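What follows is a pair of complexes built around chain A, which joins chain B in one and chain C in the other.
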Partner chain A sequence: MHVVRVVLAFLRVAALNELQYRANFVLQLIQSLLALGTGLVILALVFDQVTDLNGWTHPQILAVMGVHVMMGGLIQMVIQPNILQFMADIEEGTFDYVLTRPVDAQLLVSIRSFRIWQATDVLVGAVVLIIAVTRPGHAVEPATAMLFAASFLVGWAMLYSVWLILATTAFWFVHVDQIVDLLNGFYQAGRWPVGIYPGWLRHGLTFLVPLAYAITVPAEVLTSKVSAGAVAGAAAFAVVLVALARWFWRAGLRRYASASS
Partner chain B sequence: MEPAIRVARLCKTFSVPERDPGVRAALAALFHRKTREVTAVVDVSLEIASGEIVGFLGPNGAGKTTTLKVLSGLLHPTSGDVRVLGHVPAMRETAYLCEIALVMGNRNQLQWDIPVADSFLLHRTIYRIPWADFRRRRDELVALLELEDLLRKPVRNLSLGERMRAELAASLLHAPRVLFFDEPTLGLDVVMQKRMREFVAEYNRRHGATILLTSHYMADVSTLCRRVIVIHRGRICFDGDLETLSDEVAAYKEIWVTLGEPADLSMYGEIRSCDGVRIALRVPKASAPGVTARLLQNHPVLDLTVEDPPLEDVIEMAFRAGPSAPDVAPPSEDRVR
Partner chain C sequence: MIDRLCALGAFYVQTIQIALARQLQHRAHNLLFVLGMVAEPLVYLAVWSTVARARGGQVAGYTGGKLAAYYIVWTLVRHMNIVFTPYGFEGRIRSGKMSGLLLLPLHPIHHDLADFAGLKLVTIVTWIPIALVLAIAFRPALDPGALQIFVFCVAIWGAFVVRSTFMWALGLLSFWTTRVAALFELYLAIELVLSGRLVPMSFLPAWTKTIAAWLPFQWAFAFPIESLVTPMAAGELLCGLAMQLVWICIGALLVSMVWRRAVRRYTAVGG
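Coming up: the complex of A and B.
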């Protein structure tokens, strides 16, 4: 309960911060629509030439795009700003104050910064997803919707864990800002179903940077291309990743040397 | 009664990367990184009773902040036993963190872009402070630190002095029993320094909080601390009250005398300064009464004062003495700030 209150308190602070910069909302919306528009144009160009991509139809790839935009919005809204602040704290010595708070340090590091206006990406992605999966006579069953929500959550937990593991290396190397660009670069590959890539890349995008589980699998749930068993397997993998991230984080905390006074 | 802080044979070493200057060395370091073991704290043992205000002094790099950070749970000790209020700080238990506060001079913990009052509310949630207690403590701290006009301002619009007062208030909202102050008056003007000292003394008087304070400003130490711990090169070289420190390390007095006519007073002691008729002499403590009597007897004295050596000189001598603390000669003109 205290955890929920702390999360809500930081959400409130983030809202107070962002509400001071209203222009950001308009700019963010424009940016989201531009990015989406570009993606839709590319999709249309591809499907002008082919009727499917390695077994994926136009609506199914549109669903992948919707999940990609939603997940990207969540990353930009929650994960990336907190990871960036954590890395800045390590460099500048302000991480000390995080450790003196009576809140789990990993939780605190993960919720201190929200970029509220990035929620526009989540909304835009949700709209695209709804358009992709709802056709006359083909409504989404409640069980499918719940399985989708579960697989989306599992995918999000995996991506968060990968981001955290890489950011934790800051305890050893201090300057690791490049991981943000690296992960954002990889993330662009998730715009397309992982199945269309060659084997070596497919495996990398499944087990190293688990975009397959984060984006493709939730889209597959909604387009009836995957079963509940597959989602259960993804959940098991997520548990391992989350545990690994937690263990590594605690190792990093013990290693923490603080900055000069 | 159990001491609030107990440290037994604390050691802390760091592995620090180092390389030669230059691009070639930087490139080589990409493939072969050299590190050096730095011992920041060696065999430090101390006990601080509940309610004490203790000054923790030492030159830059002596190990003060490292010790403070070990005590506040930021750093794991390399070896030794550390207990604060019965807790092991490195475990960072919630109950422990709710009982301590760390205030570092010129470091910011408040939310930068929102009003001070909103930062206080966030603090209330994090520390689970009941509303009634929160309002009472907030009102007390706002009154003591004169923050009424600042509560609605974003932190980034405050001056350094205003921000430090707000930081101090935020740190005390949860009524910590142990306060770690790491150079809390750093960068503040003399008026603000005085206000901060008065506040800390009053807070200690009202709430009996145990305070461990590091500072390079001797006025902080002399005003607030009866007891000082001097640390140098990672080792404690003195632990006791200021008068004893002065007696042990700086066994001399300074005699300021204004004469009716110029005279050579070098036979009485070491001349520290001579401005025509105003002369400063340094004499051993034991001989100060005799020297004073002879000056009054043999010379037309218009004014005479006998003073203990400035605290800055005493501390500097303690630093130079180091952990083994033999007697040393008094310092020259360069002084500790």
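Coming up: the complex of A and C.
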């Protein structure tokens, strides 16, 4: 319960901070809509040429895009700002202050800053997803919706772990902010089902930057392309990744020698 | 007149040398930077290769090999398209740096052009090994003639100047209001679709191509790539270079017009 209280307190402060700048909401919304617009343009161009892409129909790919936009919004909202602040703290030596707090350090570095206006992406993505999966006469079963929610959470946990693992290398290399651009670059690949990528790239996107599990699998759940078994497999992999991230984080902490004198 | 041109030339040489020296300090950073930008074209390549396969080998005149060639050359042209960002003007105004630039006896766009040209020399060298790896992985169908190679080498610099002038003119809007980010985003989104960055121009519907014909975007992106990737007649190639020149003139005119008004509006910040 204590953990929940801490998270809520930080969330409240972040929200109050951002609510001062309400015009940014409109700006963020315009950005989200423009990104959506270009996404829809590519889909229109592709499906102008073919009726299905590697077995995925237009609405099914739209569902992948919806999940991709939602998950991307969550990364920008929760993961990226915290990771950036962590990296800055390591460089400047202010990470010392994190360690002096009576809260678990990994928890603290993961909840310190939120960019709430990025929620526009989550919203836009959700709308796209709903439009993509609701066909007349084809209601989404509650069980399917639950399974989707579960696989979405599992995917989020995996992406968080990968971000944290890469950021943790800062304990050794200090200057690693380049990985944020690299991860964001690779994230763009998740807009399409990973099946379209050639073998080596597909394996990389599945196991190194687990976009397959984070985006394709949830979309497959909603479009009935996958069984509950695959979701269980993804969950098992997520547990491994979360544990790995935790272990690596502790190893990094032991290595930390502070940057200040 | 001749003296002034010589002085300008010397300024360019000096600024390019400084930019080179500065950029060469960060070799690992450069490599990661170039590498990070490979993700975008690889995604496009994967999608359109899948489409080409589904259509029995080709899409709008592009086979799998030609698509690979397009998106590998794309990576270099994308680098040539990196210029001083319109978002940067807000910072220059807010921090007061613009006041210093205004005191120079030279139009400040020259500094940006020379500075970024210096960076380009480094990125071109960094790009070569990455392009070789991509070529081994994706087997591009590339068979340009001597004239095509020559035109390509000129056109990538033409592309750089075309985009520089238009981005500069756009950035100057920051002198009037600091809430221009939404406008920049819209401009960049339109540019993405109509420049050839998202897809080769021949993939676009006819009406979109008509719109694109009246805009500078394709001359800064699609044309340099196509000059190397698609077989083109000598006349077409030279016509393309001429179009780049036309757009450079329009861009320069735009910059000088907006600049004169912007400077009059300028009130310094900082101190």
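Quick note on the criterion: the second predicted complex is superposed on the first by the 260 of 261 C-alpha atoms of A that agree within 3 Å, B and C clash if a C-alpha of one lies under 4 Å from a C-alpha of the other, contacts with A are read in each partner's own complex, and residues count from 1 in each chain.
Definition applied: a residue touches a chain if its C-beta (ideal position, glycine included) is under 8 Å from a C-beta of that chain, and two chains touch if they have at least 3 such contacts.
Since we're looking at a predicted model, the values are computed, not measured.
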Of chain B and chain C, the chain that contacts the larger number of chain A residues: C
Contacts of A:Thr38 with chain B and chain C, given as first, second, both or neither: second
Touching partner for A:Ile30 - first (chain B), second (chain C), both, neither: second
Which superposed partner A:Asp96 touches (first chain B, second chain C, both, neither): first
Partner chain(s) touched by A:Val46 [first = chain B, second = chain C, both, neither]: second
Touching partner for A:Leu16 - first (chain B), second (chain C), both, neither: first
Set intersection of chain A contacts, chain C complex versus chain B complex: none
Touching residues (chain side chain A, partner chain C) in the complex: 23, 26-27, 30-31, 34-35, 37-38, 41-42, 45-46, 48-50, 52-54, 178, 181-182, 185-186, 188-189, 191-192, 196-198, 201
Of all residues in chain C, those that touch chain A in their complex: 29, 32-33, 35-40, 42-43, 46-48, 50-51, 54-55, 59-60, 179, 181-182, 185-186, 189, 192-193, 198-199, 203-205
Contacting residues of chain B [partner chain A, same complex]: 14, 64-65, 69, 72-76, 92, 94-95, 97-98, 100-102, 104, 107-109, 111, 113-114, 118, 121-122, 125-128, 182-183
Chain B-facing residues of chain A, complex: 2, 5-6, 9-10, 12-13, 16-17, 20, 93-94, 96-97, 99-103, 105, 254, 256-258, 261
